[in-house]
Structures are given as structure tokens and as C-alpha cells.
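Dumping the structure here so I can ask a few things about it.
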Amino acid sequence: MVRQMVRQIVAACLLAAALGLAATCSAARAQTPAAADSNEERIEDLITASHILANEGILDSFGHATVRSASDPSHFFMPRAMPPALVSRADIVELDLDCKPVTPNAPRLNGERYIHCEVYKARADVQSVIHSHDLAVIPFGLTGTPLRPVLAQAGFLPKETPLFEVRDAYGPTAAERGVLVLNSALGKALASKLGSNPVVLMRGHGETVVGRSVKEAAVRTLYTNLDARAQTGAMALSSKLVVLDDAEMAAFEKEERPDRPWENYKQRMLKAQQSSR
Amino acid sequence: MVRQMVRQIVAACLLAAALGLAATCSAARAQTPAAADSNEERIEDLITASHILANEGILDSFGHATVRSASDPSHFFMPRAMPPALVSRADIVELDLDCKPVTPNAPRLNGERYIHCEVYKARADVQSVIHSHDLAVIPFGLTGTPLRPVLAQAGFLPKETPLFEVRDAYGPTAAERGVLVLNSALGKALASKLGSNPVVLMRGHGETVVGRSVKEAAVRTLYTNLDARAQTGAMALSSKLVVLDDAEMAAFEKEERPDRPWENYKQRMLKAQQSSR
Amino acid sequence: MVRQMVRQIVAACLLAAALGLAATCSAARAQTPAAADSNEERIEDLITASHILANEGILDSFGHATVRSASDPSHFFMPRAMPPALVSRADIVELDLDCKPVTPNAPRLNGERYIHCEVYKARADVQSVIHSHDLAVIPFGLTGTPLRPVLAQAGFLPKETPLFEVRDAYGPTAAERGVLVLNSALGKALASKLGSNPVVLMRGHGETVVGRSVKEAAVRTLYTNLDARAQTGAMALSSKLVVLDDAEMAAFEKEERPDRPWENYKQRMLKAQQSSR
Amino acid sequence: MVRQMVRQIVAACLLAAALGLAATCSAARAQTPAAADSNEERIEDLITASHILANEGILDSFGHATVRSASDPSHFFMPRAMPPALVSRADIVELDLDCKPVTPNAPRLNGERYIHCEVYKARADVQSVIHSHDLAVIPFGLTGTPLRPVLAQAGFLPKETPLFEVRDAYGPTAAERGVLVLNSALGKALASKLGSNPVVLMRGHGETVVGRSVKEAAVRTLYTNLDARAQTGAMALSSKLVVLDDAEMAAFEKEERPDRPWENYKQRMLKAQQSSR
């Protein structure tokens, strides 16, 4: 009963947002992190996000975006092991939070799916997880340089984005170890380092970004890229750097809405697709 | 009567410019900052400028360009809240200098429209205002590095472009504050920092550029980008930097004509649009 | 008989890889560096690799990719002297390991073909050689800055990629000398500097990358580019830099599979080709 | 009679080059800086060069390429004042070495045409002049950083490319002065600074490149860009930098042939044009 009411509020808010009246709905949205959209809508957004982030050069051959199931919060949807640019509906697999496919005969899965299931386990508020190898962000992890929120539109970033050092997760006695997050223990360690943040850097590897929707996770990934580029540019000019302060981050938090950049980047991606047909 | 004469001079000058004889008209143009074009011509230029600057990666999902009304200098035209790349004629709203739409049932407007109405109030010479989040320029504001005129084609820039620090505009006692220019007081503070300059940097945010026409504001935005990139490149090579001096800036002032770059960038934008059809 | 068995194992492995079961085949693959594909398949991959690397801006007007003959390991296939972006089947020439065409009336050949024949002579495990002038990598050679493996996907790089200084190869008494590898002696010196590594940098010139297949050499070239860009970005932020350690490189070695990036970059290239038709 | 012989040698060489046998012709070419092609062929190359360099982002809205007349060495061909990307046959004007159009009713000309006529006057060996505002090169002039030949394919560059400081050309007593080369005296001063070099940097402005053909000037402009980017990248990594030495520059001089990069960049430009039709 309560759930149905929330659904109606959310649906009204989505309509209001489309009509340019979204401000009145922010309270309702804040209380409903899992918007009551359908699984097919979520999967459609997942495919769109994969294509957008590939088109912008942020998702490469190996990254992956996922979305939690709307009907069963202990499941999530993930493309099979393949380049994100090429994902279509037939490539989407439903997994449980042990990272096992829920149907038999699943296609080959990404070895790093443990990033996703462990983050969904640890963070009930998270509806979408995106793991990318963004070349604008990687230098921060390689050098331990703190990534800071410097852009107005990147106010979701914490004052210092946490950095996951996979060697620490393995510990000093591991017989064999690599960089990739290929099992549940590493996934847990990554989720632990993420904590309640929206982004965690991964040394020599990339980053993982979460959101309350696919759109939010995708737009945060895009603005993490822009923020990293702005900070890099600033550090090339001077050692002085003004970062967002508490008041500015609080102001952003009340305003975070991914719709406009989502639409902008989606249209860019669709144009790029059309030009090659 | 005087106004009609000015219109005729301007029309003759536009024709002369098209024929390659514009030099004789510079005096007339200098005296007629508001060229006597029609509102529809201005709106068409506004849409073209939005598409050009999006195509060049300078206007992102959130920036906005506006133009003062040709028929009523206390009104201006602005796209509704949407990505500039996607703006078309139906999205254009007419506002007064209190930033209120002049017709009922206006669509949702940009929260930062106060940048525009306050600059139009403060600067009678300004016919067009462009607010962008240019990633090539932002590092200067983030670090307080003075942006200098280093390129021959950027001689419109002052010796040191002013920097708007929004925290100063709020003052030390503000209970809540953010980075965006969301009300009239902040708009006034920004216009005050702009002063009589063509560009003002905005820390953590972007910049605002003004011109005596949409074309001029757009081309100044493009050359602010190029100048910032040239200065950044120079500062990576050496701490020595030769900037334009008074004589060189004066020479530029007599020659500033946006027509050729406008046409070049417009054709690039149209080609990019055609390739996706 | 043994050769036929190897072929069957390899064919089964290729099928298994396509089905997502490749892990079981890694032992077999390690023992069969020359996969039992046909010459026509190798040549098709060679043309695709040339187009992919040109599309990514890594092969310019002068670089070249080659592949060893599947039927005669003392022969290899190379495009005639022309830009890699424009290569098609009719441009492919078969050469012996003295760098001489095996048929009369061959078209004009690349002066730097000695890079290829000498590497094939020195390295029986190498099935493909790619010489590029990658602008992201060249600064390392120009300054003697060691290129390090910093990205998880670049674990094939040695701890320090060797650098070929052509002046050393000529020796102090050479009457005439240049930068290009235009004869057998220089090719031998380059192959010697390459040693058992997958990549050798060439000062003022570019790099040469080898692989156990065209796909592997092409994907290594792509990730050498990405690794160089990541390291360059890191060095701009800080003098601290965490590089892959022995355990991480060993983990990569067991997992190196070029199929997914190959498919991703191939589709990007095909889209770019389609958009211009 | 001699001239006809030279023409025949050159024609044979062009054929030989197309067939991959160009080496035997280098002596003949060295003695015939003005290849005996027709004016229409030269103009066609001029238009192609303008489109290539605009497509590569090196010629912007204001740069210009010209070619000396094949039939009258005291004339040259130049596009009217317009963006190079948009030039077509109807835009080409024939000028004399006083920078005056040879026919009445010429369209508006580039103010900076004095760069071209003065260089043609001073350098009988020069058949083509290209003035660009290449953003990769400008930082060198802004900071007085010597541009060095660091790439094998940029061996045409002198050990230190000369830098034109327009303030020196005006002298300390000039009442009015700017950055642009708008008269004969400034053109002469620029030609003097160019000397016998292939490139001269212009502070705050760009560069001028010359060649024995349009193709050579265009390809030198492209490789000046690549060399500047390589040197910039190197200087970001280290203060150590290995540049080409005398022997390496001498080796390049014997091999300089623009045909392969010309064809490569021309095809890229044609593909980009096709994709927008």
C-alpha cells in the first residue's frame, strides 16, 4: 500500500520533471531511492548508459554498467562479457547478489562482476553501479593524488575520493594476486573502501561510481571525468586550488538532477550512431 | 528618425561586409552597438550560436546564450532550461530585465537566468550574453591564474580577465550558499565584477562573455577558449610569457569583426549536423 | 600429424573462447604460438589491424603492420609502401626473411621493412610485428623516460621498456646515418634491443610491438598507447607513481586475451568507415 | 628548350614516384624547385591543402595557403579573404609580388597577403607559402622556447626555428602597431627572419611555412605540428631532450618526399567531407 503510494508520487514527479516542475518533488525523490520504474525501463537505461559512456570515451572495451532489479532488490542486471559500446537487450543477464546468473545457460560473464554484487549487498541505497577505466581519472589513483570536487556540477564528490589499493585487499601473504576484482573477497574490500561515497578510485585500474538510478550513476561518471580534467588542468597552472566547501556541496546535494545532461549526452550518442548508418 | 537612419547605415554596412568592403563602416558600427536587425534574425543567430558552441565542446549540458530584444531593449530572448545543442525556435522565451517571462505559461527556465538580466541591466552596450562551462578556461578560475590576451585574435580580452568569487558575493554570514547564480543579488554582483570587460571568469563554474551582437559574443567565447589553451600550453613550456601590449590591443579593437570565424564555425556545425542525418 | 592435432586443439579453443570457456585452453595456446589459421585469415587481420590503428591515430602515414606466413614461417606478409589507412588485399606483398619479395615485379616496398624481417628471424615466437609513430609514446624515447606498466591491461609491458638509440647501432664512425631502420644491420640491432620483450621504443621515431598474432600485436599497440597516456598524466600530477609489480604482471600474463578490445576497436573503425560512405 | 627538358624529366619523375621508383629522380627534382606542373594543377593542390589543413585543425578561420604561378614566377595564387575550409576554385585570385590582384574587380583579399608576396620575392626557391595559427606551435613563440627537430619526419626543421617578433619589426618609435603582417615592410621583415629556413614562428600569432611545392609546404606544416606536439610532450616528462643531429638532418634532406602523407591526409579529408553529405 505504502509502496504503491510511493510509486504514484514518483510517477507524478517524473511527469513533473518532464514538464519543468520537478522542484516540488525533491522531497519525495529523496525518500524513494529505488524509483518505481519497471525492469525493462531500467535495462533500457542501462543499455543507453553503456552506449553514452562508450561514445564519450569513458567506457572502453572492458568496463561495465549494471542496474539493480526493480522487482527484486536482491537481483541485478548486467551485460555479458563484451564491449559496452556493442551491448543490446539480448546481452543482458540477471544475477543474484552472489554474482551467479539466475537462469541456466547464461553466456560468459565479466570476471569483475564481484564489484557489482558486493556493492549492491553493502549499499541498499544504490540502484546502479558503473565500473570504468577512465583515462582522465586513472592518474589520480596511480599517484595517490586526492581527487577533489572543484566543479559546481561535481558537488556529489566527497572532499577526497577514496582510493582502493588492491594490494592492501590481498594482504602481504597472498601467493597469487592481480589488479582485477575477480572474487567476492575483493569485491567486499572494494565496497568497504567505497563506504557511503558515490565514487571509489582503483589504483592502476579505474574507478567505480554508484547512483540512485542508472541516469544518476552515468551522469556522475561523466562529471567525475570533467572534474578530474578540470583539476588536472588547474594543477598544471598552479599549486593553489580552490575546491568546493561544505556549503557548496550541501547546495549541490539539494539540486542533483541528472536529466538534462543525460538527455544531452544521449542525443550526442544517438547522432554518432546515426552518422555511421 | 535618427534610429531609422542608423538602421539604414547598419544595413548598408552589413551588405558592404558581405561584399568585402566593411572597413568604411567601422565608425558607424562603433556608434550603433545595437545593430538594427530584427528579433527573428537575432533569435536565429542565438540558436546558431548555441549549436556552434555545443559543437565545439564549449557549451555543455547547462550553459546558455541569450540576446537582447531589438524592438524592446528591456527584454531579452533565452532558451528554456535545456541543453544548448538541442535548442530550436519553439524553445525560445522572452524575458524582462527582472528575469520574468513576459508571457504566461512559460516553460521551465534556467535557474541561472539572473546572469543575463543583470548584465543587460548594467550594460546598455551589451546585446548578447553567453554563459559557458568551458573546461579550457575553468582551471584559471580554480587557481586564480590571470587569463591574459596572448593571441592576436583575442585582443578583446583585458590585460587580466576579472574573476568572480561567488563566496565574496554571498559574504561571510550567508546561512546557505552554493556556486550557481540563482538570484538577482548574485547576478548583480557578477555584473559588477564584469564591469566594462567582455569576459568574467567564475570560480569552479565557468565564465560569462558579452558582445555587441550574438556573433560577437559567440566568437569572443571561441577565442577565449583558444587564448586559454594557448596560454596553458605556453605555461607548460616556460614561466616566460609575452602578452599583447596596449598598442596591440588597440590595433585589435579597430579590427574586431566576427564574420569570418562565425561563418567558419557555422559551416563546421552544419556539416556535423548533416553527417548524423 | 602433431600439427593437425595442434590445429584441432586451437580450433576447439577458438570455439571455446567464443563461447566464454577459453580458460581451459590457455595451456594449449601457450604451446602453439603460431595458431593454425590460414594465410588469408592472417592477411585479413593484418588489413583490419592497419585500419584500426589508423582510425585510432596510432598508425600515421608511414607506420606498418606485418604478419608471418602460416604456411611458411620464413616468409611474412607486408603492405607495399603506402599509408596503412588505405591498405587493401591487393597491396599485400609476401617477403622472405632477407626482406626480399618472393615474387617478381613487386610494388615499391617500405624502406623500413628490415624492422620486420630481422625481428621474425630473431624471435620464432613472434607472428606479427607493428611499427608505429605513436605520438603518446614518442616523448618517452625522446627524453629517456622509462615507460612503465601502470595499467592493469598493460601488464604485458616489461618493468622498463627498452629504448633503441639508432646512433649506438651505427657506432661513432659512421660516415652517413639517419634515424630510419633502412638495412639489415640496423634491423638486427633493433631486434637485439627488443630482446624477449613485446615492445621496443625508438628514439625520435616511434616504437615496434610484437605479438603471437596480429590481434595480440595490435591490442598491445593500443594498450601501449593507453599506458603511456596514463603514465604521462600521472607524472603531470606527482612524482610518485605506483607501477605494476611482479605478482600483478604474472596475473596479467595468464589472462592476456586480445579478443574483446579487438572487437571493440574493429567495430569503432567499421563505424567510422561507414559514416564516410 | 632546357625548360622543356626539365619538364620532361619532372613528368617522368612524377610517374616514377607513382610507380614507386622515385629514388632515381631526386637529383633532377633538386635542380627543379619549380616543378613544371600547370597552374590549374597547382591551384587544385592549393585548394586540397587548404581543406586538409582545416580538417586537421591547423588552418583555422583566418590562415591561408598560396602557390606561385607556374607560368609567371612573379605571380602567385591566393584565396580571397575567407575561411580556408570553404575555399573553392572560384575564390582563387592571382596576385603580383606587390600583393596587387592582376585583374580588376578582385574580391576582398586577406590583409596579411604581404606575408606571401614578400616571401616569394625573397625566396626564388619557394613555390608555396602557408600561414597558419597552429595552437600546438604558438606556445613556443609565446615563450621564446626554441622549436627543435625531434621527429625523424621533421628533419626539415632547422636546429632552432627562427622566431619573428613583430614589435622588433615596427621598432620602438611606431605610433600605431599590431600583431598582424598588414603591409609590405612587415612582410619584408618576416621574410628576412625566415631567411633560408622552411619555417618561421610568429609570436602571439602562428607560423609561416614554405616549400618547393604545395604538397611539400602542406606536409611540412603537418609535421611542424607533430614535432611541436612531440617536443611539448617530451618537455612535460623531463628536461632532457634528444634532438636530431647534423647527420640525421642530412639524411632526412635526401629523403624528403611529401607524397605519402599528402595522400593519407587527403583521403582523411575527403572521408570527412563525404560523411557530411
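As written, the chain order gives the labels A, B, C and D, with residue 1 at the start of each chain.
One rule holds for everything that comes next: a residue touches a chain if its C-beta (ideal position, glycine included) is under 8 Å from a C-beta of that chain, and two chains touch if they have at least 3 such contacts.
Everything quoted here is computed from the prediction, not taken from an experiment.
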Q.
If each step moves to a chain the current one touches, what is the fewest number of steps from chain B to chain D?
A. 1
Q | Chain whose Cα centroid lies at the greatest distance from that of chain D | A | A
(Q) Angle of the rotation mapping chain A onto its copy chain B, from a C-alpha fit, rounded to a multiple of 5 degrees, please. (A) 90
Q. Are the two sides of the chain C and chain D contact the same residues or different ones, given that same means over half of the numbers occur on both copies?
A. different
Q.
I'd like to verify one number: the distance from the centre of chain C to the centre of chain D, where each centre is the average of its C-alpha atoms, in whole angstrom.
A. 34
Q: Measure off the straight-line distance from the CA centroid of chain B to the CA centroid of chain C, and report it in whole Å.
A: 49
Q: Would you give the residues of chain D that are in contact with at least 2 other chains, written as numbers and ranges?
A: 236, 275
Q.
Please classify the inter-chain touch graph. Allowed labels: line, ring, star, complete, other.
A. ring
Q | Interchain contacts, given as pairs of chains that touch | A | A-B, A-C, B-D, C-D
Q. Which positions of chain A touch chain C when the two form their complex?
A. 60-62, 80-83, 85-86, 107-109, 133, 135-136, 138-140, 142-145, 167, 174, 176-180, 203-205, 232, 235-236, 275-277
Q) Given the complex with chain C, which residues does chain D contribute to the contact? A) 19-21, 150-153, 155, 226, 229-231, 233-234, 236-238, 240-245, 247-248, 250-252, 255, 260-261, 263-265, 267-268, 271-272, 274-275
